[in-house]
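Each chain carries a letter (A, B, C, D, E and F) given by its place in the written order, and its residues are counted from 1.
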């Protein structure tokens, strides 16, 4: 249960290479656009709701472009130091440990900052010099400036539905990225995905997708956000495991997305109507 | 009174195994649902008021599934580092110490984050990669990524009655869990539980449950939350010890749940009416 | 003036044993209730105003039950770590130092958290597993879980008159304690206490108590809180030392409890009327 | 310019003994009251405006009672640790360093917390066990409880004119102290003090005091606080040094106490009228 | 992956010299003004929107003046210590490491604080003594005062459109800098820049600039900030790579600058109208 | 680029001695007043707007009084520890490093706290014992009390125009200082200063001063603060360097002091009218 520091820091970047092709079905020409941006060293911003496939898309692109993918889940306490690296005390000396961003720059990996608006301002600022034509990362604590190789690229994502005045990307950051919109997959495609991942039959997948679409319409009636494809798959898995379909839908779709009892009841009615 | 560091970190995971079957009486099919979710690697969210049996249910499921249960009581100062692990200075070198989440992943345990909305945002984010199909936990400080074994599972709980805009689960977190509702047990069952645990006779248990139900109705009249089964048992224990029943009810049921003297008086009247 | 670390941490728990019977006169059956709760392993919550004898009662019960009493004065900066324990650097190695709560659990002492609502949320949460049927304290930093022995017990106190929305006990905490109300002692008893502790004669004690009662009535007229028995004793001591009685009352009773000059004047008039 | 740690911590408490009688002229019977409180082990609270002589009074009492006086100027960042003490790294080992409160307890000194409402809540709480009949100070970090000797005493001060809801002494703290009111000295006495300390003649001192009294009347007309005796002395000193009297008054009395130009002009008129 | 501390701190200042002339086309006489200010040791403040060429201008001036350029991207967590320098533990001793500002002073470089209003107040204050006739930087932690050589200069930038009451330069800071206004380049010049950098033909560059100008007009209709020249170049690069022009404009110009769907639609209409 | 700790702390106080007479032209009798205060050990408070010569005056007085001048630019993060001193780890031991205030006390220097209202409350409080008749500085961390020698003196400054309720000097601090008002120099004197420092001829200096006076009148029309003499000198220097006078005025006077385009236009009109 005790890990040696020296061992841990030798983790090869190959760990971040995605070896098996992820299951991803393109919705539009997002693959071509990302590829064009990548070739022109343009950073990319993925905008879209929870569970609309942004993370899976990044895994797919990393696989296609044969680059390691280093993902950072951003949060309020993520500091610039966390991204760039820090000194660690090691026995009698002090050794430098690369943060994920520095590791990506050194290895020509794709660095993906998920939910970037959650991060503190200093995290955002630290990526600025990497996203203009300089493509450098100054590491103040080391006193060095690294030049990113051409195969390094930077992608960020956020959910525009969440943003408030407090948590917003500054224009000086936004205008450094081309932006690709993401949304839930169209019904036919979503049906295929649900059936593939949960192993329910096509008819059941069709019903689950129909429920999902009806729930998403509630977004204009007080529901904070629609139900994600992931939750449709959860419902399918519970059904496939033998749970009664309407109960499975309540547990995997109605209860997770809201605590409001009126909304829950409306969703339950949808479920009962479709899963007659 | 001095514990050796080296000793302390050798604590075997078997410490977390629940050896005796906990006393738990299912209310609905929550046991089947949790089992189905567990088999399909779906994380579970238990929603319900204080004292409705969520923690006991987790102990019961851990016993049934024969997995260690590692419980974390979440609070405002719980950091991602607390969950994942940290380096500790040990004599002349520095050693890594697993946090409870990492320990659960390594040992295929069930990790239960109690009152998860109390935790800081970075705690929540750290569980994201464990709750999608990747089922990984990146440990930045070690520079390693752990893959969770199939017998690892993650459960969270919270009380939907408490939530404010400030303390709410983000949709990007909620939509990673199937959600099971919990509530106070139905009267017949609660009577059985109170009698079993406090050793009062059936008639007294019946009266205590009747008082509890009447108090819970006050939730729509200014009472923040109903009285839990636990407090009914407390009253029963004091009565069994020889304290006068009406006083026992005041001390174990009226005084703990509110400081409002009007509400206390109304509750006292209920107590006097039933415990004539 | 230099204390050795090793010496300091050897402080035996016997230091916390109360050897002489504290002067405490029961008002109601609080002694029987506390004893019944103690025997049934129920945690106790003492609710009442400043100076109503909660701390003295705890000392009395600890003496009666022959257990060490470890008192913690809660405040905003009290952390879970302060309660549970921490590592201290000691020469070339690092040693663990028990916090007061851990020390109480290990030694079967009574741990008393005074003014618990002042503490931070993480302090409150850390006592949860000690207050249900598990009766355990997980010490994350050591990686151990301690089981409390039957003679360990936990008591908390707070002043319900102070509580605001910000500083309130959560229901999930409140419902873990039976609650005993405390108030100022009845006149006859308070007279006895004041005479005993300040050594003034019975007539003077009677006048002091009469003033105290009149001042307490102002609580409905802008006075934040009534005058405590302790301040009546202060006044008595100054009088016994030779200070003119009306001046002693002003200095020990009127000036300490309010800065409002109108209220001070009203209190001075009461003093002058009774101490004619 | 380099101080050795070991040397510094050897500072004998005699440093805190006041050897020469401070110049203090009693206004009322505050000396008798403080002495009576001291003999009865009652903590004392000095309430009054800036520059009304509270600090000088404490020096005088310490001299009279022949005890060392350890003064702590409270501020927002003063922690309980600052008061009680901390461990300091010293070469290869760690040594304990007493804070001012602990030093006062150990040596039977008078500890004076000036402007106590400025301190953080944990500072206030740490003095509670020293101010009831226990008279102890628990030093958690050392794991020891010190019993204060009879010659130890505790005094606090604050300015009631400043207090807001945010910065106020809690009743549970206030009711542990007898309280002595302080105000500016009466004219005859203040004249004597100004002449003594600034070496101006009696006529000039009389005028300065007259100006001071007139300015203090403005407290009901927008002036935050009256002019202190100290500033009257400052004006006297500048005059004695040869600065033109009206200019000296403007610089030492009008400009320091307000930035409001209307008030400054009114004060200037007072000065010109009296210093014709 | 492990960098030696000693190596890292030897980074020669030559690293900061710009060897190739940056592509910069002057809009007015900003080059002459900056040169005059530089010769007279006057600090310079560049005011203007995102992407109006401030950073490129600084690179150009540094190249022209043959001085190293040390750029600091300011953010909320940037401390005075980050700018000035700090001690780092190195093996058994402690070594000083210059911050970027100190490094610039020592080497007669140009120090450029980008988006200076984002920095904390202590960062701003630390540059004050460098921006008056003293031209010194006191390094408290070293106990030294450095005198800046004549070839050192200091420049700051900010976007006046962003400033709120909270984030504003204090007058005591503002009045230490001459200020040069920046704005988007005039159409003919922007066309030349877009064609040069994205390699699209002149006709396409003309259309892109036309779209940019139309979008900038929306600044008075709810758009936070206009589209930068950089985004026009992004669109050009995607077009040059083969992406359909209208889609390229949507992805590089409409989606990055706003999340408002009404504004996005208006911008899409502009794009469709011009890229018919 | 590596400074040795031991070397750095040997910096002799002579570094702080001002060897050449600073260029300062007295406006009133501020030199006599400061001298009288210095001789009587009275602390001095300089009140006035940005750029009204406070800092230069302090340099002049330090030169005249032949004392070292230790200036501290106050800011929000300046702690008492920064002023007083701290322990630094040095190889195997820990050494004390004097802060600027302690250094000034030890060497009988003048300590000047510039913009003192910016500092945190604990910074202010730390100077209290130095500013009454005790003239001591207790250094808690060393456990010593230093007595200031007669040639030590303390001065503070602030801009009364800035002060809000949040950032204000408390009366208990204000009333420890005599206060000298500062304002822009009268026209004839300012003309002389501008000509002397920027090397423009008398006619041009006259025009610059005229513009400055007109701009200062805008302070009652929305301008936060008038233009400082420093900015007039900046304009003069740019003109002397060959920049067109009206442009020099815009860049050195209009643009630095406001971002409001209406105010900028009004100021431009003043410039154009006077620099016809």
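Everything below uses one rule, namely that a contact is a pair of C-beta atoms (placed from the backbone, for glycine too) under 8 Å apart; a residue touches a chain by one contact, two chains touch by 3 or more.
The chain lineup, named per UniProt: A, B, C, D, E, F = CbbQ/NirQ/NorQ/GpvN family protein.
What you see is a predicted model, and the numbers here were worked out from it, not measured in a lab.
Shared contact partners of subunit D and subunit E are F.
Superposing subunit C on subunit F by their CA atoms means rotating through 120 degrees, a value rounded to the nearest 5. Placing every chain at the mean of its C-alpha atoms, the farthest one from subunit E is found to be C.
Distance between subunit B and subunit F, defined via averaged C-alpha coordinates, is recorded as 60 Å. The mean-CA centres of subunit E and subunit F are about 30 angstrom from one another, to the nearest whole unit.
The distance from the centre of subunit A to the centre of subunit C, each centre being the mean of the chain's C-alpha atoms, comes to 52 Å.
Listed for subunit E are residues 9, 89, 92, each touching two or more other chains. Viewed as a network of touching protein chains, the structure reduces to one closed ring of chains, two contacts apiece.
Each chain touches its neighbours in a single ring, whose members, counted from subunit A through subunit E onward, are A, E, F, D, C, B. By the touch criterion stated above, subunit C contacts subunit B in their complex at residues 9-10, 29, 32-33, 36-37, 39-40, 42, 45, 47, 79-80, 87, 89, 92-96, 98, 103, 106, 120-122, 124-126, 128-129, 132, 138, 140-145, 160, 163, 170-172, 174-181.
Looking at the complex, you find that subunit B touches subunit C at residues 1-3, 5, 8-9, 11, 15-16, 50-51, 55, 71, 73-78, 82, 88-92, 97-100, 114-115, 118, 159, 162, 224-225, 227-228, 230-231, 234, 237-238, 240-243, 247, 251-252, 255-257, 259.
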